[in-house]
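When the chains are written out, they are named A, B, C, D, E, F and G in that same order, and each has its own residue count from 1.
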Amino acid sequence: MKIRPLHDRVIVKRLEAEEKTASGIVLPGNAAEKPDMGLVEAVGAGKIQDNGSVRPMSLKVGDKVIFGKYSGQSVKVDGEELLVMREEDVMGVVEG
Amino acid sequence: MKIRPLHDRVIVKRLEAEEKTASGIVLPGNAAEKPDMGLVEAVGAGKIQDNGSVRPMSLKVGDKVIFGKYSGQSVKVDGEELLVMREEDVMGVVEG
Amino acid sequence: MKIRPLHDRVIVKRLEAEEKTASGIVLPGNAAEKPDMGLVEAVGAGKIQDNGSVRPMSLKVGDKVIFGKYSGQSVKVDGEELLVMREEDVMGVVEG
Amino acid sequence: MKIRPLHDRVIVKRLEAEEKTASGIVLPGNAAEKPDMGLVEAVGAGKIQDNGSVRPMSLKVGDKVIFGKYSGQSVKVDGEELLVMREEDVMGVVEG
Amino acid sequence: MKIRPLHDRVIVKRLEAEEKTASGIVLPGNAAEKPDMGLVEAVGAGKIQDNGSVRPMSLKVGDKVIFGKYSGQSVKVDGEELLVMREEDVMGVVEG
Amino acid sequence: MKIRPLHDRVIVKRLEAEEKTASGIVLPGNAAEKPDMGLVEAVGAGKIQDNGSVRPMSLKVGDKVIFGKYSGQSVKVDGEELLVMREEDVMGVVEG
Amino acid sequence: MKIRPLHDRVIVKRLEAEEKTASGIVLPGNAAEKPDMGLVEAVGAGKIQDNGSVRPMSLKVGDKVIFGKYSGQSVKVDGEELLVMREEDVMGVVEG
């Protein structure tokens, strides 16, 4: 059982505190929205354009991403809490 | 008697609590808008573009979808409560 | 005497309560805007695009449509109250 | 002495109460903006597009039109009060 | 000494009360913004489009124009008060 | 040491009161934003368009320009206060 | 361990006070948003356009940039505080 995100949305699983610490990246945040970290579990097919073509996605399954703490909407699948958000809400990919 | 949605709208029948539980997906929600689940009963022909062509729809009849709890407008057809919403308001399709 | 709507507007005659009940469709509404039902009496020629072409209309005269209760502006023609609204404000067509 | 409206604007002369009554059309209005009736006295050349071409107008001089009561700006030419508004503010043309 | 307006801006010299009266046009205005009258003293080269082409201007030097009383920004050149505004803010050209 | 403005931004050095007076142009302003005068010290390469091409700039180094008093952001380079603003915020070029 | 910014975002390391002073550039700011200075550490691949092509970036790694003090979101990577912002938020590049 899984969720296939529509258009330019992605499914992200928030990482636990220990996983974030192990990555060497801390997310102090500023202003109103603190960044958070997670793993991409599914990506949409891309946004359907006016001419019927599809704008490709930049993210792929497995990417470790940083996003605003309050981005997306949470949903529980088989007991696992996931986030549905737009690729636009993802700030960057953690590498290395 | 049925409703054919215009342009990029879809008709969705909200699923009952027991059906949602059976799916293994729980919808706790966050922020102001909690997600909900339903079945697509009808889809529009797509949005008519400026050049007269039609942007195709991603959803099809029978899709089990997740959407914001307050998305769409309710209408009762032959005693059955349905929701009319835009495809854009649908976050994803439940598979499997 | 009649009104020819401009661009992407349509003229709609609101249906009486008994006609709505007979259709088997009830319009309970939710949120701020309750849906209502009516008959399309006239449709505009379509929106004139930047290149001079005209984007075709989806609705046609005689369509039984659902729209937001506060959509459009009312006007009385030969004693009959009509609504002028944009096709975009129409949610769907009742069939069957 | 007259005013040539720029781009997609039109000049409209509001009809007197007796003329409106004679037309068989009453304008009760709803919501915040009540519709009113008038005669088109001049139309702009159309909106200049980005590529230099001009988007044609739908209205022509002599059209009897319905528009929002507070649409446009009034100006007195040789003692006659006129309205300058955009074609977009015109809801429809009275025929017959 | 003069000012060359940039892009789609025009320089307008507001007409004195006696000149306006002589024209046979009175500007009573309505709503929040009353119209005013002036002479076009300079026009920009037009708006530069994304592809590098320039969208031509409709107004030319010498046009007597009507515009919203609070449109534009005033600037004094060699003791003469002028207004800098966008062509879009001009409602029409007085002819005859 | 200097600043190269990005995209459609320009660097402007505000003129002193005596220089403005000498130009014969006074800037009384109206509404909320009073115009000011300055010299263009640097111009960006132009805005990068969606297709990768660059929209050319209208301003060039040395232009004496008029702009809104509160336009741009101030920055001190080698003791000299400069303004960074978008070309769109510049109303016109003083000639002569 | 590093962060690859998505689309048109860049990663910037804020410069310390002494580095800024050494550059001969002071950032007094005005209005609500004071400018700040930093070094570009990473740039996104560019914004994916509707047709699938990528709009190129103007900034490159190593650029010394000026940006609004409250632009971007802070994130700590291996103990180093960085900012993630859009190229659009960068006002200019400090040159030698």
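Definition applied: a residue touches a chain if its C-beta (ideal position, glycine included) is under 8 Å from a C-beta of that chain, and two chains touch if they have at least 3 such contacts.
Remember, predicted model here, so these are calculated numbers, not experimental data.
The geometric centre of chain B is 41 Å away from that of chain D, both derived from CA atoms. The centroid of the Cα atoms in chain B and the matching centroid in chain F are 51 Å apart.
Chain B and chain C have centres, each the mean of its CA atoms, that are 23 Å apart.
With touch defined as above, residues shared between interfaces to two or more other chains in chain A number as follows: 49-50.
Taken as a contact graph, the chains are arranged in a single closed ring, with each chain touching exactly two others. Order of chains round the ring, counted from chain B and going first to chain C: B, C, D, E, F, G, A. Contact residues on chain F toward chain G in their complex (touch as defined above): 1-7, 9, 11, 44-45, 48-52, 70, 73-79, 81, 84.
The touching residues of chain D, when paired with chain C in their complex, are 23-31, 33-35, 49-50, 53, 55-56, 58-59, 66, 68, 87-88, 90-96.
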